[in-house]
């Protein structure tokens, strides 16, 4: 028997959502997918719901009959505040409210390195470090982490807030030589979050087994994530086609990378 | 010469705003007041602006020619999410954006014990403890603390996030025998935040010199707050008219008090 | 109304028990006293029970109709193991079992500096430091602290384990210039432990406000103990009649003092 | 030349004692075995002593001419207090006294996860965490750990207190998928404890290299234990035959597992 | 009887040395003074030795028949490296060697805030923080602190390394409103260091009881320093005659103050 | 293109310098070598400069046109103070000044376990532990670590201070079974320090992947050192030819080993 009857994946049409669909099927009888656009290749065990996360009623419907939620939806990058407010803040609140009202037991949330982007790489922080967002996007990640903490302490809904570093098909630049999270490792972390006997409220840091370690993820040891990939195989190619960055630039100094060099989105938009 | 040309106080018509008006006049040539309703006894050094913090344009105007902001506006208690979203989250974003666009240097923000309400009193936390909100209201306080962190790290605006415990004319119940912050001490903490040579990003915990200490505020030692009042003088009267609470009830176990016993505001509203 | 109906004081005929009798009367309608010998000056609100704490049935009777227990009984100094086993280990187990079976809600236990006596004074430990007993007596204090932890975590009985340093009428030697706990302060700490809204499981360090501070007691801030006495007034007299000790002797190096220079009690007995 | 002349193993007829007999022979010329019953297959390098650890004189004899003691004897589970008092508390005291009087240099003690069973799995504690026993059995483990600390600080006898999680032939339930310590790894940890150049007073946590990590054992890095087994190979079979537990049950919440759901042994006995 | 037979004060002709002469007389039969120039008002209990600390033989003579050394000599400010090397590094080595060869038991060393000047005021460090010197002068203070550590661990000579912040007749600028150490408090700290029963190796932070606290000195609680002065009485005058500094300037950001804005002494000399 | 134009290696004729010459060629167009004697087998990409590090002018010339410095020169063992002062203290100051004046961006410094030699092995320290040198040699290592900290904080020159444990062709005694750093691993650590995107100020602990771990090097995770060798293959041979040491001897108790048993070099010289 599978551990869950129905898992909801939000952001299912996105880059990581597409990977998650492939990797979580063994954990639930049914996978419900949600995004602003329909996925094209719906599988027999899947059901698709097109909706906006900012729509309260739609999300209350979306979360019916769901045991667990893999919440990867919302704006994936720095953008204007009202978009972040609606998609990430209001939308994530709806997801947690749907979980509460409809009885989902566990949420795996795609938090981000940008929730802690202004910590220095040399500081070697772990999950107990205070938040230091590097963008409005990062602030919205802190909001949802705080919300997950409340819904565990008060309403008993477990959350794994997985701070994803750089999850791409392969390392695209020198920073990703230490910040890369392979798709397979990303899916594995989510899968372990869904399978672990006790999640409570846990913060995880999603990184493959790269040679350079920017943070210490040992506080999530009870989740059982063991990365299997590493960026090392891509090092020579990446270094051959990219120049080293200045060690004193904010994008190298801080673990948030180039987000730390972005100005305010309103100013950026005017450029 | 006064250290500031013009200080803005939001929530100026409220319980604490009224106290702040009296106590900060020596720090600025002009005090601008803002609230949803006008104050009635405007003083010569004061100017009143009635506006909603959720109104972007209004707040950009409100924050013009302001050196420092004492941000005490917004919903003061647990309430429905959309109210919190508009008043506390969007509204505070507008305040920080106004500070950034108009060149204010420092913000004193009325954060709250409810940002960390689910920590146990016996845990004796300090400012480095992870957030544990006890309400949607508390989550919004975490949001603004995160925003203040970003605006310091990226935009160079200093913030003192002052987690106010219970600021009332006098201790009203047994919990306030340890959670009370007298009006005078509250005003003093804000005044010290405005006067300290360096605030950077600092979290303070606003408590008078009560006998029982639920948290350790020493990480804010550079602000120079030295409480002068204590709840002890009220102890006998309070104990005479109130019964002791069960030590195992959430409202005694956790520093957030009765907020920890509140259900979800939507459920409470239905009661 | 007094907070407790009946408080039991064990070791009531001892040096500290005698002080406690005088200072706790306002907290309970009845004070039950227990010791191996009867007290001579029984007061109207007191009832005396002469018994051995090592006698299971006697202690089950002793703890009937009791709301709180101030457990100061047992061997007060290093002695042979079988005495410690019977008086301190078995006896304290009986007290906690009595509390559990008869519904007492809170225990104030006279633990001791000797539970942590092998920590160096220069280490400036607090309540989170690992135990380092300096004697079999100290090991028995660790046993009861561990037992109190269990009875809180599993059975919901609150405990304040008060590590008493040197509670005497006045400082008798140079070490007591920093280790002294006046009788009044000792009684105050117990009284605060009985009155605090939430004790849960708390470790306190009983010291008057002496100039030299060997440990940090701030983790017990929620108990509200504020020492009012100090050894300073006795300094000149003490220093005049005693020679300074060698800074490198164990009795100065470690906070347990001369207990750290004691050999094994079986060897000492043979001397 | 072997590092020890004679090692004493207590509890030698038990489940783990039997394994230890096989694995420690290369470390000593002679292995002395002790238990309440004789082992049946005595080897040429072994000598058997049948005795009760609660018998002072017998243990003083038992520990004669012994260099090191592997102390695995005593009650292995929660039971009534008097049994624990005699077997685990008095008995272990006799062992340490025997070591002291007869000149043994090092003790490897089978402490237990139940010494810290009420810590949450999500807390990811290490060896510096305060004790939190989950049973009278666990309290007795704390007693012996405290005793070992004293005998090192005062009498110079080294101790490795090895907190064994679940040492069985194979993982028997879902909890053991993270709490399992294979027999080979258990023997290895003891062997390393006997071989390490410096033990002083060390607390170790005995776990195989399972995927989920409930505690951090790095504070024992100087012992050199490197687990070689893992529960993963048993996962499919265990999960197939057992249902998942409720993440909110004490037996999942706390690392002590089902001990945390046990009532008091006297109550349990009445059931 | 006085606790010491003879105390040596180096730098005795300097600003602080002059104060120390007045305040330490009750602690020793004889006070030996050392500096590059003679003091003019030699008292009956004093003996003067004019010498260079960089002169090995002279210092070996200087330290003869001395029980304790108050080492305040050497270059008091940032200067060229060879001066620092000779006066502070070689000179202090000679002092410790003199202590070792001649049997002095305790050294009180005038370390400095500049040993840790690059820590941020908002970091609220304590004595366990890593060193962060703000000058070559500060590096030399780290050298002597390291040397004192060695001479304690290996040779058993106790050291109090007293990191003096700003010891002047009165606060001279706004920074001194938090960094001031009155002369009386400075002398008190030294006196307590000479009188404390156990110093071992202790780092203290010399500050009067100013309202703003830049560091936490509680790790030196066993020394018994209790500041009696405060800069507050000077606040109005100082603020009236000085302008506030930019909160973002290094001299406000870091506790080392204007030393953090100094360039390299060789470059400064060329200006 | 190679990351550096020219790397300077000091101490190039020494044991480790010889290894570094072989392993760093791929990182720079040119390798400049420096030592008191010339190397004999100069390679085409190498240039040799014979000089004393204590000679200011020579070192200013030596460091011209250099991007990075691998500073392994100076006295390699405990010796008299004046030698250490000239070679290690003055010499290293010259190296950092050369870096500053000539624009080198990064220094890899051969610090040593002897900078922290008086920490106990059982303490399991990491890079944040206070220094505890075991020798004048170790004090000089602390000096240079402090200097590197200053040159980063004030002058922007990055430093990796690599605390080398025992780097020899193979483990020579039992201590090296845990303290060994193979030549290949030593070279790798330096190489990683030169290649890491951000070093800032980092302290590393150079150890191969030996079974026993005396310290925790995870604070240097961003350097990316992954040891590939281990002392285990040498264990049997080492144990066969050497006797175990007394666990209570300083050379086993402390991580500095036999340096902790050395007397003062002046006394040793007289033996």
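When the chains are written out, they are named A, B, C, D, E and F in that same order, and each has its own residue count from 1.
To be clear about the criterion, a contact is a pair of C-beta atoms (placed from the backbone, for glycine too) under 8 Å apart; a residue touches a chain by one contact, two chains touch by 3 or more.
Chain by chain, the UniProt names read as follows: A, B, C, D, E, F = Uronate dehydrogenase.
As the structure is a computational prediction, the values presented were derived from the model and not from experiment.
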| item | value |
| --- | --- |
| Lowest number of touching-chain links that must be crossed from subunit A to subunit E | 2 |
| Intersection of the contact lists for subunit B and subunit D | A, C |
| Interface sides of subunit A and subunit F: same vs different residues, half threshold | different |
| Cα-centroid distance, subunit E relative to subunit F, in whole angstrom | 31 |
| Centroid spacing, where centroids are CA-atom means, of subunit A and subunit C in whole angstrom | 51 |
| Distance between chain centroids, defined by C-alpha means - subunit B, subunit E (Å) | 41 |
| Where subunit E touches two or more other chains, by residue | none |
| Chains touching one another, given as label pairs in label order | A-B, A-D, A-F, B-C, B-E, C-D, C-E, D-F, E-F |
| Complex contacts: residues of subunit A adjacent to subunit F | 120-122, 124, 174-175, 178, 211-216, 244-245, 247-248, 252-253 |
| Subunit C to subunit D touching residues, read off their complex | 81, 85, 89-90, 93, 97, 100, 118, 128, 130-136, 138-139, 142-143, 146-147, 149-150, 153-155, 260, 264, 266 |
| Contacting residues of subunit E [partner subunit C, same complex] | 3, 105-106, 156, 158, 196-202, 218-224, 226 |
